[in-house]
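To keep things clear, I will list the structure first and then write my remarks on it.
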């Protein structure tokens, strides 16, 4: 189910400011790839280019190739809507739909895509909530508003919601930065579980988190991919001086 | 806590100062959050708590200022240390004003005799959310010495200004069309203005942190330059 | 793996995109449906009005329809006088009521005033006209400018009173305390300290109220009524622009219809100027009033 | 900041100062009292003047359908019906159109186009109603008669009982259209402001799940902002109900109890505007005032209803 993604000379600019300056990267399936780097290094911009979220920012320009499987997602005839069914995304702060119930939050997308109906839809809700380790906490109040959940629960609901469209790739933009340590721990455990079935890309500015959860790590700086490799190697024996400076905290 | 300060090393003093400022920032942030919560729930007790909390905040500012002045006098710090001390003074001053705006919001709770219809004016809570995020992130930038994050905080101010403008327009239309709503409308206009000022102060703190870390000012720069949605999105 | 479900899903997707585009097109239609008549109104008023606004129209008295020519000078003066008198009645009463409600209103009178000004604020304008008709026109035995002003004042006062009350409440309590502590009297504290601090908002309230009554027609129909002559006194029937527009429009004379358009242009210009003034005045003060 | 404390003043002259302080309280109080008295007077006036009608027919006046000044027969139903029919139809037309405009302006329109449009839309809300009435008489009514009513009558809508044979230019339908044009600027601009305030991450969440732009707008953005849109509609309805001139000039002014929008009708405001001046008999005046009173009560009820609904819906966000 999981697929790999490859970027070739990916550039993103906003007006005359170039935020991502030509990145070549290979994202492996069934693994967690972490993207680290200081603020403003272009890591979130890069991530959002992977499911074409920049389409909705009028000043944004994207060039280069992003291959999902063997198809360029920026190529002709690729429908961003279809793409986003295959590449899901979880945001920095939990953003459940406040006007919908927990259940409706999850069924919103599958219903639109015609993925399931009736009993199958109920099963889907249960399955993704279990996957997101939220089922036991909410099974008795699926009809309640999502606003009543704690921050950590809301974020797991958002993950479940993203899983409900059966994506191949899951993009996560600092998914735990707005959460307390306990909730963060649960999200990290969840990521570890999910990588069995999904390709996961996670942006984080927390290096310990990157070291804990990821198999591969990419270090971005000033819009460039400075170093990319297996997490163990990158953290213990970085090739680039800038990487070493960053991960040891001697930066700026 | 004013043990033999003179005896301590400047480094320790600065660390202490930093932690004091962070504590003050935490309180300022809480006050804004509490004030908005008091408004949403029309909770007068909570509003009173904000007013009490502001006194504490004022006291903290005085304490920090005293500490800064004695550091300046005793150690005559230079370069980065000097920058740190002057910026801490400025930031604490801004935080104190954040508290005042929190109090203004809390006081509007008393003017309202029922829960304000905030779901009809989603601008208010959105402004509050962004303004709080700006304060939190600019202090985060302070802790991480992250100039880019500080700069990104400043960019979010536009959204708050836009929301305040939008809130103001809506409320004015309501007042013109149905004068019965003038009371509530004017209270909410006041709340909007205060939240906008909190966001401005958040911007000030961001600018100060930027200066602190880089030594250059973005305060009166013509254009901050466009930054992608990394942080400008307000989340 | 999605080969089985691919065709229906692809079809569904195409339908969704189609609907997406269709609905945006519908929004465009909605925009057109609204903008066309609205622009049309302005176009017609300005286009037709401009052709018939002349120096004569602005400075002379009306002529019988059979004669032609003539102007609305009396109605323009009448409008200004009727609205002006409404303000003269409304501002002191409204501001004073607002002051009382805010500063000393923690009693039965204050509470009643608050409740009743809100009731008054919900008065449909034509009902204000009925009241002024019953109380003044019937009593005096004739239509008069002053009864028209009274009807407008009924619409004006609650707006100013409520705005003033709210504006004063926003002035921080410690300013009053400081003033009292210096031994300054209530009157001086309110008039010299509190009211000036709230002046911007009070003025905007006055502006809003004025903009609201300036274009009112309904309450004047059976109060100020109409007249073909210069105003002879505030106790006499008086022509006003809005009422003139109405009576000229429903008349059978082509020449009068044209004058109605010219009058509409004059009225529109006056009301829009007031409105822009109210909005910009307040918007400009917005920052300043935040408390620092 | 400066909670300065001055020394207490001396004791002498305190009584005089007391007095000096009182005059202002009394003076403003007197004017506040004046307002209270005036409002009570209004209520008393409306009540006393309309009493002959209430004692003659009681609440039955509200459902009586005849209005004949010559024979002294009066009933309010045709006018109440006319007001409600035109206001509701105006709302029915204006709300979808306004929402469409608001969506376009907040989600799709380029920024350069937005500000001038907003400015125009807001100014239009201030155009006096008599100006709309003027346009209604000379432009809209002929247009509706010649081009709009035949089209509607020929369309499937013509099968509804609300749209009969195309009639004269001055009808309930024309009045509804004019009212709709008048309230669209208000509803559209308020709805737009509400849509603009929806957090961007809400829309992005929907898009990231593979929603089309419209689906994200419809199911997420629009529902998030529904409170603001609802209150905009209430405001528009309030304006339509109390509107006098535009209605009087276009509705046709014929006492006619009908559901057929293509016939002339009458509204509560229009009958007062037209007849109060010339009403000769006491019962005629009384019936007109009674209609005014009912209008006042309807607007009061609408306001209370709006507040009640406001309590029931909960806040999105937080």
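The first chain written gets the first letter, and so on, giving A, B, C and D; residue counts start at 1 in each chain.
By definition in this document, contacts are C-beta pairs under 8 Å (C-beta built on N, C-alpha and C of every residue); 3 or more make two chains touch, one makes a residue touch a chain.
In this text, all values refer to a predicted model and were calculated from it rather than measured experimentally.
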Shared interface partners, meaning chains that touch chain B and chain D: A, C
Far-end chain from chain C, centres as C-alpha averages: A
Pair of chains ranked first by number of touching C-beta pairs: C-D
Euclidean distance of C-alpha centroids - chain B vs chain C, Å: 39
Intercentroid distance (Cα basis), chain B paired with chain A, Å: 31
Chain centre separation in whole Å, for chain C relative to chain A (CA means): 54
Distance between the centres, which are taken as Cα means, of chain D and chain A, whole angstrom: 49
Multi-partner residues of chain B (each touching 2 or more other chains): 100, 176, 178, 180, 235
Residues of chain D engaged with two or more neighbouring chains: 122, 126, 199, 201, 212-213, 215, 224, 303, 314, 316-318
Residues of chain C engaged with two or more neighbouring chains: 16-17, 122, 158, 211, 279
Overall pattern in which the protein chains touch one another (line/ring/star/complete/other): complete
Residues of chain B touching chain A in the complex: 141, 144-149, 151-152, 213, 225-231, 235
Parts of chain B lying in touch with chain D, wherever the complex brings them together: 40, 100, 115, 117-123, 125-126, 129, 162-163, 166-167, 169-170, 173-174, 176-178, 180, 233-235
Complex interface listing, chain C residues touching chain D: 16-17, 19-20, 23-24, 26-31, 33-34, 37-38, 40-42, 44-45, 92-93, 96-97, 99-101, 103-105, 109-110, 112-113, 116-117, 119-120, 122-127, 129-131, 133-135, 154, 157-158, 161, 174, 177-178, 181-183, 185-187, 190-191, 211, 214-218, 221-222, 225, 242, 245-246, 249-250, 257, 260-261, 264, 267-268, 271-272, 275-276, 279
Parts of chain A lying in touch with chain C, wherever the complex brings them together: 1, 79, 81-82, 112-114
Residue ranges of chain C touching chain A (in the complex, touch as defined): 1, 8-9, 12-13, 16-17
